[in-house]
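Same chain, two partners: chain A is paired with chain B first, then with chain C.
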Partner chain A sequence: MADDKILEIKDLKLWYKVYKGYSKVLDGVNIGVHKGEKVGIVGEAGCGKTTTVKSILNVIPEYQYIIPDGEIFYKGKDILKMNMKEINQVRSGEISMIYQEPANALNPVFTIGQQMMDVVNYSKQGKGKNKAEQKEMVLQAIRDVFIPDPERIFDYYPNQLSGGMKQRICIAMAIMTQRDMMIADEPGTALDVTIQDQVHKTLNRLVEERNMSLIMITHSLGVARELTDSIHVMYAGTVVESAKTEDVFKDTLHPYTVGLMEAVPRLGGGGIQSGIYGAIPDYQYPPNGCRFAPRCSRVTEQCQNCKPELKDVGGGHKVACFNL
Partner chain B sequence: MSDTIMQIQNLKQYFPVNKKDKDGKSLFVKAVDDVSLDIRQGEVIGLVGESGSGKSTIAYSVVGMYRPTDGKVLFEGKDLNVSKNRALEMKKNIQIVFQDPGSSMNPHQTIKEILELPLKIHKMCADKAERETKIRELLEMVELPVSYMYKTPGAIGGGERQMVAIARALACEPKFLILDEPTSALDVSIQAKIINMLLKIQKEKKLTYLFITHDLSLMRNIATRVAILYLGKIAEIAPAEEFFYKPEHPYTQMLISSIPVVSEEEEALKPQKVESTGEIPSPVNIPSGCSFHLRCPYVMDICRTEDPVIQMSDDSHGVRCHLCE
Partner chain C sequence: MNLKKFIIHRILLSIVVIIGLSIVIFSIARIVPGDPARMALGATATKEALENFRIENHLNESLPVQYFYWITGVLQGNFGMSTTTDRAVAKDILQFLPATVEVVFFSTLLLIFGSILIGKLAAKHKDTVIDGILRVFSYAGVAMPGFVVAILLLLLFGYMWQVIPVLGRLSPGMTAPAHITGLYVLDALLTGKFAVAWDAFLHISIPAVALALGGMFQDARLVRNAMVENSSKDYLVAMKGYGVPEKVMNNKYLLKPSLIPAVSCMGMDIASLMGNAFLIETIFSWPGISKYGLSAMLAKDLNAISGVIMVFGVVFVAVNIIVDIVVAYLDPRIRLGGGN
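Moving on, here comes the complex of A and B:
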């Protein structure tokens, strides 16, 4: 299994440049994605989920950050060492991304059709084709995401569509040409629960049909449980627990994951647990040892001085904690 | 049965839009359309609905930010909208906490100034020293360090900001508190803390909450009664437990079955899967008949022409659907 990893992030560190120093956001992230696997990255706001996936596509403006350490292998090649031309090839032919806010992801001054035609025009599949064939590809993509009457939608501007429709257009754009991997950054979070359900189902079906790999970012454990094969729980720029989805829910090990799980309101009732005290650390001056130590209930002296490694505790279930 | 503290009677809230229909009549957004609701002393009533269903509009009408187009809101038997300006006493008793703590507080004021304003307006304290003691008490009540008094909202975290907003609403000792999605901008671990604190305060002070949210599983854990809104009308209202075990309206079933859950036991609690389809239509042209018929899997001919009225199956469980008649 180890060899068919399509993407492997190895010990990635990423620091944002801020006034008087660096904001040390990512602190050794390790994530591997197999071919056809659906991977979830779960964590709270500000824990570095989006930064991690943005660094895969290299879309953070260059002057904003430095990467002191780490590698991102995509199909055996290190993305961080690629030149502009190679990265653009990855972006246009290999990995696609869906952003959280569909309203901001589409350009308001071009019609849906114009924007989607651009994607086709710059892809491998659409390059040699004439206008009519390219348009047919676009219409087919809109049909694939269950939007009725694609001809009409083709001439619409984004503001004429609802949030759910816009997000589906974004998905359509991402699946329109053959890609091997899709990154979805909280695709349902800005939407209502019924619409979110529909969008997730559409996404799931398309990814499975095309045998794509999926990285799904979400802050909701429920969404991750329904959509993914394996889960990486992130806290303050580190992966604290990673395992098969059912193992994470059956056999929750890291104190942060336990706290997160308890804080989720249950459909069966029974009140709400106390949650996790405190807030995410200041990234400019993060704690020396385990970054979760200031909020942890099982904290010992060792946690405050040493950083725990992500260790396998059996069956591919990895946890970064000294006190299990 | 406990006493009714607030009665919302046939509340209608229409907003004009800058458009005319074919016959030249001006059009309205029917944000709230004929909602009646009795709220009892000491209960937590949950209003749930998708965006555009009119949850917040009801809250704003109750708190007095809008004048109702039609209908009445009675608080302890007194009509809230008799004169143009609401009496100060009435304003004091009904307070609101907004969704986004980042934009509901003045970033240039310190927490002390923010908490001082309601105390001054409602003349809660005799002098400056007494006000300061009261502010200390308020901060302690929401479990924030007293030193936060001299910070600005920008200097503290989102969860703490929401705590300040709650303290501000409680400053003038209201009887009725409206919580308009107080935790939807926050993470679950912080949400849990705030919700527990709110429930504790509610018990201590015997408050009544009108809790607005789109998160049904949160509602399950805190509300005594739940009302589902769809396009400005109540679709179903029931005590929380019954609401989740015996949902009758197809829309409720659709909502509950689309919640992502974290365990097998919860999966079993979901009603038999009602596939969610379609989207909430624009409130400017509400479909004829039952407003839900475009998305309903059990749609019948009668639904397209006649709007159902709410039927109380027993004392507390009401459903607005032709299927359940």
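Moving on, here comes the complex of A and C:
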């Protein structure tokens, strides 16, 4: 089982350096991705989803964080121990990532074409090709995300594009070359729902066509249900529940996931749902035991003092909770 | 695509600015107390002589009429006569301006390249000893007036170590190169006198450094801060994530957006170099236009004051146009004005 995993994050801890100490954001994240699998990471804002996926490509500026513990195996090699050349090989040829805010993910002072040409030029697949071939790769990628008139877009600056177009350009950048894995950090969150739906469909189609693995971050359980094979629910820097997508919806176990499900507004009324009382903990002084304990309805003394492990409760459905 | 339109627009706008400037300069020079006739002719001049001087220079007319006389002359390249040197102001300016332009030119180069290099260095070594040292320098550079730096450099290089000649434009014994542009280094190079060029360059180096230092460290700070701030932006994280080499990232994708805030400030600094030059010129006994302007002010030499400030004003406006164009080149959001 463990062998066919293309990516495995093991007990990853990541602390951001802040004034006088550390903000202990990730506290033991475990996520595995099989080849061709579509994995969703779900959780509220600030729970460490983006940090987790950024650490896969090791792109957080070095002075901002430390990793006290943990491993990220990609095809059997620990990314965190790779040297510059090895990690650049992964970045330029194997894994690509779509960033959360399309407005910020494109450099405002270079044209779309200039940026995409450089990405191709330094990618494993585009290296050594001549300019015309590289440009054709770029134009094809822009066509692939259903943007008409790629030649014109090529010379545009990001501020000349709408939000939806920028998001598609971000996707185009990620799919320009054949990759093994795609990481999508809330694609479409910044867009209105109809565009969001188109973006998701485009993304899904491309991933399936090219047989890529996908890690998809989202707030929305609905999106996760539609697009993913398995789901990892994160809370405050830990994975609290992970299972096949249908199991998560059929057999919701962790009290946090239950709360998330209840918070989803449904057609047919009831108004705004109850949600979960409280807010995520202060990462500089997190709770000793379970990080969800201060907000949990099933909290016991054990939760205050001990950290629950992510345990298999049958059929690959894993939960980190003492009181199921 | 609109760059041409943008530039024409800016130039038209600056003509309006220069007309306004000429009115302000003209009025202020004449409103300042002191009798120009008495200052020009001295304490012993007779009443008739003073009256004749006033009539000759239209000083009895109303200000608008005086302005009309002056501006028609200026438009023909005639700034009037200087009462201190008894020569045409235009001629004086042509004689003194090259010396200042030469210093300001080298100062400008130092200011631009120095601040970018120092800013990059500080950003690369953020929060380390190097960054700390550069930070101290930049605060010191901002806090210390240029003339203090000038005197310190003068003492160190000219007096204690005596490694670099510090007074005047050339060492005694050197003959000035043939007058082509008036810029000694350039003229000497053009006529093939390399020893003279080197000597002239050494003479310029210390004044140029003294002039540029404050602004250079200040702008380096801006470059450094912008680079640090931009380095965690998603568009750089994204580029890093696509395996674009660090060198390309830093020199292209990080540097260009980070220069935008610094360039506007650099423009102001460069434009003020000319005006700030007068203390430096006094300290290094540099025969430049700022020094000429200063003595004109002390003597209430109206035509010379107006002429010199007019030149400064035009340079200031011209530098600002260039800065606007550079910023527009760097930042398409300004050039294209957002949207389609």
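The criterion applied here is as follows: the second predicted complex is superposed on the first by the 320 of 324 C-alpha atoms of A that agree within 3 Å, B and C clash if a C-alpha of one lies under 4 Å from a C-alpha of the other, contacts with A are read in each partner's own complex, and residues count from 1 in each chain.
The criterion applied here is as follows: a residue touches a chain if its C-beta (ideal position, glycine included) is under 8 Å from a C-beta of that chain, and two chains touch if they have at least 3 such contacts.
Computed from a prediction, not measured in an experiment: that's the story for all the values here.
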Record, for the superposition on chain A, whether partners chain B and chain C clash or fit.
fit
Considering only touches as defined above, state whether A:Val193 meets chain B (first), chain C (second), both or neither.
first
Now for A:Ala105: first (chain B), second (chain C), both, or neither, which partner does it touch?
second
Which superposed partner A:Gly93 touches (first chain B, second chain C, both, neither)
second
Is A:Gly164 touching anything from chain B or chain C once the two structures are fitted on A? First, second, both or neither.
first
Check: chain B-chain A-chain C angle from CA centres, nearest 10 degrees, reads 80
Let me test your reading of the model: by the given contact rule, A:Ala132 touches which partner, first (chain B), second (chain C), both or neither?
neither
According to the stated criteria, A:Gly259 is in contact with first (chain B), second (chain C), both, or neither; which is it?
first
Shortest span in Å between Cα atoms of chain B and of chain C, once chain A is used as the common reference
10
Spell out the part of chain C that touches chain A in their complex, as residue ranges.
126-127, 231-245, 248, 252-253, 256-257, 260, 330-333, 336, 338-340
Which of the residues in chain A come into contact with chain C in the complex?
54, 57, 59-61, 63-64, 88-93, 96-97, 99-101, 104-111, 115, 118-119, 122-123, 157, 159-160, 170, 173
So in the complex, which bits of chain B are touching chain A?
50-51, 157, 159, 187-193, 195-196, 214-218, 220-222, 240-241, 244, 254-256, 258-263, 265-266, 269-270, 276-277, 279-280
Chain A to chain B touching residues, read off their complex:
44-45, 162, 164-165, 192-198, 219-223, 225-226, 249, 259-277, 279
